[in-house]
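Below are two complexes that have chain A in common, paired first with chain B and then with chain C.
Our next item is the complex of A and B:
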């Protein structure tokens, strides 16, 4: 199994460096703005009427929305609960632990970026405008939140690029080996940083920290489990196949909420009498179980995309089944599943909002309890801000996934 | 020869077929041992809590009220409460599936509109809705929209027929009158005649090659018989228009605020996904197909209706099926706003009766059954649009 991740990592590398998408479409003829408008907005009489009616409607709704957001809505409640949104009841004195963890992860991401050999294809002009836009957005956020911590977040970007540059030039081949180990270790390291040496117990974790943690644990731990289930589903042993199909279909057939109920109320009874697990651990177990059934189906799709000839070739080389899977089949199958896996991660991340209805202090729960006392009546703002937090993460990840999909050329070979 | 083959035959402990069976037997034995262990743990734990693993408790008095659904009182048994929850789940999921499909198809087609403004508006809808959790959307619709509507006296009313307030929504609804039985017979007869017309026109078309017009002709026959029946039976159908009486709505069809919010949340969320599926499957139909249609002289609408859509449906049905399953499962999130569907009722039952194991098993089995039913229906639909052999 230890060989598998290296191959996984090497797979996209080759394409990224060697293959640029062919320019098939002829270069677009430059159009004047007037031509553009007449072609896209007023191509026919019906289209023109639609444009006017919809335009007026959108303008009206948009203006009212903007006025509400920037003029009439009072966002004081969000400002004063910002820390709750991010980390729940995590004690202030221990916040440095979170920054240590964030820097560790960001630097690791930078090193993996550098090691992967995926280069930014931006020109200097694009890079400068994007950099300025990011700075402006962060500056606006800084102004709104009136917090100095945002500079710490900005500095973490430096760590990202430093990692990328350090790993990208001379150290690439060493870094490539370290990266996989680093990610495997990252989970225990982060847990250790947060809770070890007199740290903070999971009971007090909350906000986005908790949502992200549960989502990441869910996806990371469900990955091997899902691969096993998928392989089991395609096993030639009827007994194994039946069991795996049963597990996958039963887990997918019931809603996540009922699985969380199962984790909260039933799981304690199933464990050996001496063993007690904290509620958050039990809920995480259910997230992992739930996610692994979906991962299994994604991996199964990837396996189906591997050509039969690959199996035959591996057999002809005399590889036994497990090495054939680990060295030949899975690397190809998993590469094809990357986009589906990312969208599964996004939906798992959104599903962590269910933590609120089983009683944890996640983003949604903070939004529900924040409008109290002097903030009463501001539920709209708090809920919208919670939705916005989920949106930013999900949207940027889905965009990233689309770019990756184009780069990897999934479905093209 | 035979002796040579026998001699070459490996001993049974090296025979692959024997080993395979043996391996599976050992595997099953291990699974059985693990399950037994879990069961013993469960039984021990449950005993210690002074409960049992039987389903007898379903017959005892539930004792908690349920706000809406089929007739129910707290004096009825748990089983009845569970059933009320199930009906409420079906009520929201079935309506949600229909509405989400309609909205999703519209948005999906708009995403391909030649009009830039429409295209962008649809895209923004999809990108915003798809990337935020449906639970937050349901909570938002309930607490931040439906509950903040004006009270019933100051509520909105559309022509005195539709009503909207923080008491929920009320719409006109047809109710059967005294002549409904006779009219029903006429409708049934109309269906039969329409079916006969359909097959006659189809055969005529196959024989002569003239246009069949089977849809419009069958529909016309059905409408004519239905109209005749309505005139004969007299007073078969009444439109029950809701009224405001004091602080509640009377008459019509009333949707509670909880139901309204859950339905809004589920429909708007799922429609965004269906829209993407619709768009993707239309784009997936080869451009040459449309061009071939144009070469045959079909109008753009005919190209869409007869060439592109039948092929797009084929691609779209499996992923749309899984969206229907998601919608049904997501209806369990109604627990966050107190709409008494299956998940919500059953978590109340767990709080009140314990028996968490039995109740969760029942809930999961019920959802599994619903999922299987939906998949079954969608498989039928899939077969209907799949490529057929030479016949037709």
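Our next item is the complex of A and C:
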């Protein structure tokens, strides 16, 4: 079909005028589904065989899974432990605190969305995917949630989000300033709402709330710490360099699990007498340290991608080193690291399931202990649901990162 | 010895002031520089006066870029002494930053900041080094974009401009600091031929504004019409310096003659 010379090695570098393949038609976009199938799935005998084998396997596994999920499995266990999955043993009387925090975050997210001026792009394919996803979510929620109060709360959240988006769009310039402050304050605010004024100690937090909290603390603190470590690694002072390399290599040298055990059992003896940190805090410290070592290496990669000329231009303008780093080098270095960084943060979020084996009541632990007594034998359901929760959060982060990459792609070299 | 005695006590960096005439912007005295075992500069002595336009020429590897990069301390000289507008360049970072804010530099590969718009590229240093208020930096940036002839590109990102306009932005960025000296390191070597002139025109306009310019370039036309003096380097040594008409019509050293015969084809 193609008129290009078959053996490119032997092809002449200059092709005579009359031989020049002027009209090499770009591979025609397939027009009908049948054509697409024949081109992509059955283009040769081998490809046809692979298609059939893989197709049959997928069909077999998929059908069995679907039948199990929708027909044979009894999800009552998940239904009755839903609150445990979400918040662990958070005392019933204090649950309003969580709702306050959720309302706050949803409003903030809505205003940010509105102020950012982003709109969902629309196409038939996306509309269908979104429609199906919404239906699936709605179906699952309809099955899982029976309490009218929670339904009302969810509906009001949707309304609040829509209202916040509209408000963000209308008062865009004010909103832009507000949301930055809002997000900076969001973490202390949420902690205060949950913990302050006779609230609930982190020891009693559990479920997704705990996983999310540890992940957010880990991400938010390890990000700047990792940047500092990466910069320290390139410092001109040998002592600083040695210290940073030492921290990075030692922390990366052992599995996170062992660091968590270290935080739980060893760290108390290393702390100065009189300083006693709650177990959850010690565990968080280990998460932050562990993550920052990886962040540091990701940032180091990003820094290597910044051209030497950028340093020279900044120095030639008289920028002091720290300003040069903050204003010229890091913005470029960090943009290059978004995919690796988000990937690391997703994996950090999933690693919070290790909380289960150092005794916290996180999502995975709930899944392990839920199938008791009345629900014995339902471990498959509870584990699958836990996996599903991790997937939903991880997938959202991944999509968000793609969006971020596209947005920051402006002014690409 | 121009009676600078009273200034000598001013600061410890002023040792060199004794030899400094009133209009001497750059004094290089027996400057040497090694890269590992390779000697890039071998005892360069050169004095450049305020408002002077000096073109530095020489074959590649002759040390011409290294020399001007020593003037704003992008390279550290290993021996000898460099005094910029009365400030000697030492390892003291405060002196270095002071000198750098008085010297603008334009690079062969532009080195614009790709994550900032043209406006923000220009405003970055005035805002963060001079600590000017935003309005003042903005006015300055707009005025400079007018001056280099591309006011309509203010909101674009560097990657959206071709070479010529990028280099003009780079010149505006350097000028935004209101420097006393401008260094140009082969500013047209990376440009497509049709864009060389627009950049040279901007530089010529600068030269007429009494700015002190040091230009590393192979543009003979620019050297002939604009420069007050041409300096020829070879193998890290200053081989010849002369006004352009003498330099091009009546070169003294064999090395210069050979070089000119190669570039003046």
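Criterion: the second predicted complex is superposed on the first by the 313 of 413 C-alpha atoms of A that agree within 3 Å, B and C clash if a C-alpha of one lies under 4 Å from a C-alpha of the other, contacts with A are read in each partner's own complex, and residues count from 1 in each chain.
The definition used in the following text is that a contact is a pair of C-beta atoms (placed from the backbone, for glycine too) under 8 Å apart; a residue touches a chain by one contact, two chains touch by 3 or more.
Remember, it's a predicted structure, so these values are computed and weren't measured experimentally.
With both complexes brought onto chain A, simultaneous placement of chain B and chain C is permitted, the two fitting side by side without a clash.
When the two structures are aligned on the shared chain, A:331 is found in touch with chain C, with no touch to chain B. Judged by the number of chain A residues each one touches, B leads among chain B and chain C. Residue contacts after overlaying the shared chain place A:186 against neither chain B nor chain C.
Of the two partner chains placed around the shared chain by superposition, chain B is the only one that A:240 touches, whereas chain C remains out of contact.
Within the superposed three-chain model, A:317 lies in touch with chain C and out of touch with chain B [touch as defined at top].
By the touch criterion stated above, A:390 is placed in contact with chain B alone, chain C being left untouched. Of the two partner chains, neither chain B nor chain C is touched by A:38. Overlay on chain A (Cα): least separation between chain B and chain C is 5 Å. Under the contact criterion defined above, no residue of chain A touches both chain B in one complex and chain C in the other. Chain B contributes residues 20, 23-24, 27-28, 31, 38, 41-42, 44-46, 114-118, 121, 127-128, 130-137, 139-140, 143-144, 148, 329-330, 332-333, 335-336, 343, 346-347, 350, 356-357, 360, 363-364, 367-368, 371-372 to its touches with chain A in the complex. Against chain B, the residues of chain A that register as touching in their complex are 40-41, 43, 47, 50-51, 54-55, 58, 236-240, 243, 249-250, 252-258, 261-262, 265-266, 268-273, 346, 350-351, 353-354, 356-357, 364, 367-368, 379-380, 383-384, 386-387, 390-391, 394-395, 398. Residues of chain A that touch chain C in their complex: 307, 309-310, 312-320, 323, 327-328, 331-332, 335, 410-413. Residue ranges of chain C in contact with chain A, taken from their complex: 72, 74, 97-98, 100-101, 103-105, 107, 109, 111-117, 124-125, 128-129, 157-160, 170, 173-174, 177.
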